[in-house]
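Naming follows writing order (A, B, C, D, E, F, G, H, I and J), and every chain is counted from residue 1.
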Amino acid sequence: MNVTIPPGLDPGVRADLVAREKEYCRDLQRSGEWAHIWRCAGQYANLSVFDVADNEALHRILWNLPLFPYLSVEITPLAQHPSDLAAD
Amino acid sequence: MNVTIPPGLDPGVRADLVAREKEYCRDLQRSGEWAHIWRCAGQYANLSVFDVADNEALHRILWNLPLFPYLSVEITPLAQHPSDLAAD
Amino acid sequence: MNVTIPPGLDPGVRADLVAREKEYCRDLQRSGEWAHIWRCAGQYANLSVFDVADNEALHRILWNLPLFPYLSVEITPLAQHPSDLAAD
Amino acid sequence: MNVTIPPGLDPGVRADLVAREKEYCRDLQRSGEWAHIWRCAGQYANLSVFDVADNEALHRILWNLPLFPYLSVEITPLAQHPSDLAAD
Amino acid sequence: MNVTIPPGLDPGVRADLVAREKEYCRDLQRSGEWAHIWRCAGQYANLSVFDVADNEALHRILWNLPLFPYLSVEITPLAQHPSDLAAD
Amino acid sequence: MNVTIPPGLDPGVRADLVAREKEYCRDLQRSGEWAHIWRCAGQYANLSVFDVADNEALHRILWNLPLFPYLSVEITPLAQHPSDLAAD
Amino acid sequence: MNVTIPPGLDPGVRADLVAREKEYCRDLQRSGEWAHIWRCAGQYANLSVFDVADNEALHRILWNLPLFPYLSVEITPLAQHPSDLAAD
Amino acid sequence: MNVTIPPGLDPGVRADLVAREKEYCRDLQRSGEWAHIWRCAGQYANLSVFDVADNEALHRILWNLPLFPYLSVEITPLAQHPSDLAAD
Amino acid sequence: MNVTIPPGLDPGVRADLVAREKEYCRDLQRSGEWAHIWRCAGQYANLSVFDVADNEALHRILWNLPLFPYLSVEITPLAQHPSDLAAD
Amino acid sequence: MNVTIPPGLDPGVRADLVAREKEYCRDLQRSGEWAHIWRCAGQYANLSVFDVADNEALHRILWNLPLFPYLSVEITPLAQHPSDLAAD
């Protein structure tokens, strides 16, 4: 997920969006659906892993992100890897 | 990491490489340096997250992968995200 | 899915692969998991839609395609569209 | 089809466009020309399959989409696949 | 259409393929389905316009090109342009 | 040629530009320099073939298009193809 | 790092940003973390090498650049090369 | 060098920029540093060859172009070719 | 023009091709059709400018290059630039 | 510089090439022309900075690399940056 907030956006609107985004993200971490989030160093971007029931759930989560209008998102469907210790 | 093993490779050589790759990967999971590995669904590829001391360590791990000559690797440096619950 | 069979492949091996691919595809159509398949006109390629339980099932289907070593695959996760008549 | 509506668009204008787009899409589903529509998960985008008489008909449908000025469209001509059960 | 014939191909086989391709192309010009063909200057490539009944016909023509295994093809569906004098 | 007219352009200015573009295009069809024009289905774009004396003439035609400031243009120099029936 | 400052930015704001960027860069050169900086000839861009403790430090430095909102950054993690004389 | 002047730029400002660009270019042709300039047919772009002492000189010339804020530039370092008659 | 000669090519065949390429290139420089040739520094590639009657001539020159089967070529049609001193 | 040595290359030939490459690189470090070399972590690739008199010298160095036939090279001309402490 790359974030591109236009420089001209009102600072108050921007601060509110970022705060709501953070709260939204933390709620989904607590429910277990947003399994991992890392900052891509030097970028206004993150790498996230979601653990959801199906594509409908994934879409609902992303579509409702407060920053969704400013995001470009790339999705790679993941499955368990046979070398993963947890696969035994 | 995308794997491209040429179809003409000797099946015994191939099986040996794949078995050694798996063992190598599991050893590094046990030591904690290979933090996550997922299969990219429908691809001979994986998404991995490493937790290493520095770039020297990361390079040593990847360079010594038994399948390294058949891999193309893209690396994104990651840092802790401020929205990560673990950041509190 | 784009298919690239090397021109040097033995014609008998090739014919066998293509026949097994076709049977495999038809079995999955009958089970309902391979929901749609179209030929991309003028290409040795197809556009397919799968209706599967999860990413594990999708990966298992693709990984076991007889032509998998000769395929390059791009996956777009799909969900129901709110304009779809079936969504009412 | 990817949709990019500029954030500065008047909300009323936007809501009207989206509503007309939905009705237009549903009318063409009823006539059978808009054969399939799926939401690309996590994207303001869809994957659609059209069943039309010729390229003139396809162009007329797309050009008249209420959201056409905000769309980027990629088209892949499709034909029946020889492995399709319906081809027998 | 870009042509990539491997340098190692037997010269007799190559000459036969090229001759059959030329005859095939001319037959379809005579029937009116291969409406235009131009050489892309300095490339082993051509730009062609087909006038066919539907995507099935287009696919059949391209798939049966003698050089098809050595071609990469990009297709742009065309329609009549409103500025075309012939549109009046 | 892809056309990108900014949505904010005054409708009267836009209508005038489009009308002048059409007239300009038709004049050059009558003179034989604009040999072919097709609409790319589903795109605000066209595929055109020019029959001009040299690159200077081609540049002059394109540079003076009323819509030139809104166009992105890709040019492929074409020559007669040896398989063209007209080459005999 | 590529810099894209919108032409409409107030000249005083711009001059202040550029001056603060320069001072920030020089402070980090003095501390040794910004090891090298070169101008990419003919571009508003630079190639820089950082010598930092970890990805967290790298992210903090880049995120706090006064020009960060106008930058696009690509990062390549570097390690010592075995041919480097300093490696002996 | 591709030029992208925003359509909204004041026509007087634009005319002045273009005139100064032309004079600047001609001065450097007279000094021998701007060795060649060609128009890319059908594009607001040119292909230029510079004959300069070093990268510092090249950067100074490009950075001071009146149209620099509206240019995107790609640079290929050139050397004498062994097949060049002038190399004898 | 980028040259990619497969490493396995017989050294004698290769030396002969390269020598014939050089002689061919020099003949066309003497006739004035191959106006300029530069080596792209650090690449097995060149940047060339041709001064030919039409696209047919350009195609004939490139198609008959001894190294043509090993070349990838990109062509940009050039015209006189209005800032060129020679345009006065 | 990315290195792609075909897996089928004779191990003795390969070892000899790699050893000669290392010695060549170190000689140029001693002469000051090969100013910096870093390993791109996890890649058979390096990032190098050269300090040479002109493009001729740069080309001669790269063209004579023992591994040149297996390299793909991208070059960015660099100049002194105005923020560089060494620029004062």
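In this section, contacts are C-beta pairs under 8 Å (C-beta built on N, C-alpha and C of every residue); 3 or more make two chains touch, one makes a residue touch a chain.
Just so it is clear, the structure is predicted and the values come from calculations on it, not from any experiment.
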*With residue numbering as the guide, point to the option in G-J, E-I or A-B that repeats C-E in over half of the contact pairs.*
E-I
*Relative to chain A, which chain has the most distant C-alpha mean position?*
I
*Hey, how far is the Cα centre of chain E from the one of chain F, in Å?*
23
*Rounded to the nearest whole Å, what is the centre-to-centre distance of chain A and chain H, using the mean of the C-alpha atoms as each centre?*
44
*Mean-CA-position distance for chain I and chain F (Å)*: 29
*Specify, in ascending order, the residues of chain A that touch 2 or more different other chains.*
39, 41-42, 55-56, 58-59, 75, 77-80
*Chain pairs in mutual contact under the definition given at the outset*: A-B, A-C, A-D, A-G, B-C, B-G, B-J, C-D, C-E, D-E, D-F, E-F, E-I, F-H, F-I, G-H, G-J, H-I, H-J, I-J
*Residue ranges of chain C in contact with chain B within the complex*: 6, 55-56, 58-59, 62-63, 69-70, 73, 75
_Considering only the defined contacts, which chain H positions touch chain F in the complex?_
7, 39, 41-43
*Please give the residue numbers of chain E that touch chain F in the complex, ascending.*
21-22, 25-26, 29-30, 36-42, 46-47, 49, 76-85
*In the complex of these two chains, what residues of chain C are touching chain A?*
54-56, 58-59, 75, 77-80
